[in-house]
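Shared between the two complexes below is subunit A, which has subunit B as its partner in the first and subunit C in the second.
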Partner chain A sequence: MLKWSTMLDLLRGAGMTVTVSCLAIAAGVPLGLLLALARTRRARGLRWLSAVYSSFVRAAPVVTFTMLIFFGLPALGVSLDPLPAAVIALTLNTAAFNAEIWRAAIMDFPRGQLEAALAMGMTGSVAFRRIVFPQIWRASLPALVNEMTLLIKASPAVAIIGVVDLTRKARQIAATTYEPLPPFVAAAVVYGLALALLVAGARTLERSLRRRYGTL
Partner chain B sequence: MTAPLSTRRSLALGPRMSLASFAVALLMLPAWPSSASAASLEDIKKRGYMIVATEDDYPPFEFVVDGKPMGYDHELLSILRKSAGFEVRQEILPWQGILPGVASGKYDVALSAAVITDERVKSLDFTVPISESTMAYVKRKGDASIKSLKDLSGKTLGVQQGGASFQVLPELEVELKKTGGKLGNVVQYGAFSEAYQDLVNRRLDAVIHNIVSLSTLVSEKPDVFEFGQRVGRKSYAAWAVQKNNKSLVDFLNAFLAQQKSNGTYKQLQSKWLRITFDDLPNQPLLPGDRPIK
Partner chain C sequence: MTLRLDVIWKEWLQFALGLGNTVWLCAVSMLLSLLLGVLFVVPLMSRRRAVRAVARTAVDSGRCIPFLLLTYLVYYALPSLGLSLDKWTAALITLVIYNTAYMAEILRAAWVHLPPGQTEAGRAFGYTGIRLFRRIILPQVLIAVGPVVGNQLIQLIKDSAFLSIITLPELTYAANSVQSFYFVPFESFLVATLLYWGLCGAVEYLVQRGERLAAMVRRGHGH
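And then the complex of A and B:
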């Protein structure tokens, strides 16, 4: 059984997991939208850049990508501390996946509505803010939440550069107790609770949206 | 049947990575432009700090209890901090990130009990040894099928990926062949705690690691594990810096020589390692007491 002080230490690791994941989600969701907008623009350069970014980042494993940012960037004169490097790596990773989700919603958006808005004299940006965005974010919500849960489960990858998250804490504990089962079971329970909370929150939000707007 | 299972387990680095791409990343790092080259002692003094990297799951050398770094190397580090004359910054990270970090110049010193091997001296320079680190095997308590080294023939062995325990396997194979045996299945792990667990779970018959870590394990869990015999040649553990960073190695060697002569070495060894090594050489040596060319 784990000692109380060890449990507390494990929870500090959980705090780190929540911190890096929340920051990455908070930055990665809007960044994904920007990438999707670039991808659906007429300008070919933007479209190409966004497509290359998405393909490259989605192909790179998170560990590799994290190491590249942390150990590789100093060669270009950018030296980051572990925590910012971890948040940036996770943000850039989740943004690439989010971009595909946003892009699908944008491409699915009924053309007619946009044309009607423009015919009413709205500028492109006003039409986006008032007409397009309020609908695509509701349509994207389930898929975005799904990507959030995947991100949280991919976050242990940042331990490679010295960010002590929940999984790494469990491993540190296992290394001195020589019994990996208790800390890893405890970590699994904490992950489970965190994800259940996120999913429950998303479901409540979806339900209230459905009540207000009908089907998504 | 063991193989695919163990490959998946041994990754243990997160769901979105593969070993191959990890290897690619490692290969790419030394190829970065030269601005990533190591800081000499001169550079370190000029910028006012040195960055060292230590491990977090390598008892009794470096480990973390309730968030507090402990162990032989961590205590040596705290003494180094007082005498260095400049700030010593510390990053604690997994073994798999340490050598790429030193190779890329992110850290000045791998302040970890890294075993001096033929493979590693190609890209790193080592200090004088801080401990003996000969490999050995540990088995389940009372496992009568393994009585001596030759009984390891055909058995399933656990080692650490990229670790000295992995690099000693060719030597073990030669040894086993002498008595008509052969090397059995080998399973690589990211962390030894998982290998020990698999030994208990009977997925493994023996785990190979250095004598110091294994004797710590056996003294913590005497009812579960039993110390076997040494595997391969006598080898040593030392701190490492980037290749050809002579000024920094000299600085660290002077510090270590001082700890040796004033008795701190021995005192810390008996405190943490529970063994003292009186005849550690005054230069880094390859396994089998061979000098580095």
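And then the complex of A and C:
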């Protein structure tokens, strides 16, 4: 069995997992929207750049991508500490997936509404803020939350550059106590609870939005 | 700063071997978990609620565990229960367990969305139980899941990069050993990522070809 002090130590690892995941989500969701908007622009270079970025990053394993950022960027003259490198790698990764989600919502947006807004004399950016965005974020919510769960499950990748997250902490405890089963099982339970909590929270939010707006 | 791609070129064999290991590990475990998923989907769709609940709990907990944590469980924790595995067996077992949870869920979703007419017609012709499943339901489910299995295979290929942490010589491990020997981290990981990109692109292409074939079979023009 795990001692209380060990359990607390494990929870510190969980705190790191929550921190890097939350930071990556907080930065990655808006960055994804920017990437998606870049793809709706007329400028072909911008559109192409965003599409290539999305395709490249979505095909890259998170571990490999994290090492590319942490070990590879210093060779180009950009040095990063492990923690910022971890957050940047996770952010750039999740942003590529979020961009696809945002893009699908933007493509599905009824054209008539946008044309009506422009006809009323709104500028493009006002129409986006007032008409488009309030609707597409609700439509994107389930898919964005799904991507958040995938990000949390991919977050142990940061262990490879020395960030002590939940998985790496469990591994350290296993190595020092010579009893690998309890910390790994405990870590699995913590991941399960965290994901269940996130999904349940999202469902509650979706339900209240549906009650308020009729649809998502 | 110039890219030292000549170093990568000199070590192309390491990359090729790593890529080869990634490909066969993922292909074999995808086939195995497709088989296991077929076995697992039966209790998931059982009419008995208790059976369904047990299967659902197993599948859901499998889908909650990060791949790296499952790798650690299999590779470091199973020996303490008296089951010691070499890293290749551990890697294969981890890939199969992890992927089976997703495959079972994918097969279940396809089964639920099957048009009920065919199953009812099968019943009317006297097919029941295992024969109904094998002859009527399963072939349709397998044709329907093609693209989703392709996406899952891409996910599996990307998760398999975690196996480099238990020093299994797959693609990411190869990239890491080349970069640490010659100190070419950027080039090395960039090339590895490009290879993953190509691999995922190849999977997508094969899925598209398969889809065209399936559409032809469905229209009755196939062989």
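As a convention for this text, the second predicted complex is superposed on the first by the 216 of 216 C-alpha atoms of A that agree within 3 Å, B and C clash if a C-alpha of one lies under 4 Å from a C-alpha of the other, contacts with A are read in each partner's own complex, and residues count from 1 in each chain.
The working rule: a contact is a pair of C-beta atoms (placed from the backbone, for glycine too) under 8 Å apart; a residue touches a chain by one contact, two chains touch by 3 or more.
From a predicted model like this one, the values you see are computed outputs, not experimental measurements.
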Fit or clash - subunit C, subunit B, common subunit A: clash
Partner chain in contact with A:187 - subunit B first, subunit C second, else both or neither: second
Partner chain(s) touched by A:209 [first = subunit B, second = subunit C, both, neither]: neither
Which of subunit B and subunit C A:195 touches, first, second, both or neither: second
Subunit B versus subunit C as contact partner of A:12, first or second or both or neither: first
Touching partner for A:176 - first (subunit B), second (subunit C), both, neither: first
Which of subunit B and subunit C A:83 touches, first, second, both or neither: neither
Which superposed partner A:118 touches (first subunit B, second subunit C, both, neither): neither
Subunit B versus subunit C as contact partner of A:51, first or second or both or neither: neither
Which superposed partner A:164 touches (first subunit B, second subunit C, both, neither): first
Superposition clash, subunit B versus subunit C, among 166-174, 184-192, 220-228 or 238-246: 184-192
Common interface residues of subunit A - those touching subunit B in one complex and subunit C in the other: 60-64, 67-68, 71-72, 74-77, 153-157, 159-160, 171, 174, 179-181
Touching residues on subunit B, where the partner in the complex is subunit A: 13-18, 21-22, 24-25, 28-29, 32-33, 35-36, 53, 56-59, 63-67, 91-94, 96-97, 100-101, 104-106, 191-194, 196-197, 217, 220-221
For the subunit A and subunit B complex, residues of the former touching the latter: 5-6, 8-9, 12, 60-64, 67-68, 70-72, 74-77, 79, 82, 93, 153-157, 159-162, 164, 168, 171-172, 174-176, 178-181
Complex contact set, residues of subunit A against subunit C: 55-56, 59-65, 67-68, 71-77, 152-157, 159-160, 167, 170-171, 174, 179-181, 184-185, 187-188, 191-192, 195-196
Residues of subunit C defined as touching subunit A within the complex: 1, 61, 64-69, 72-73, 76-77, 79-81, 154, 157-162, 164-165, 171-172, 175-176, 179, 184-186, 188-190, 192-193, 196-197, 199-201
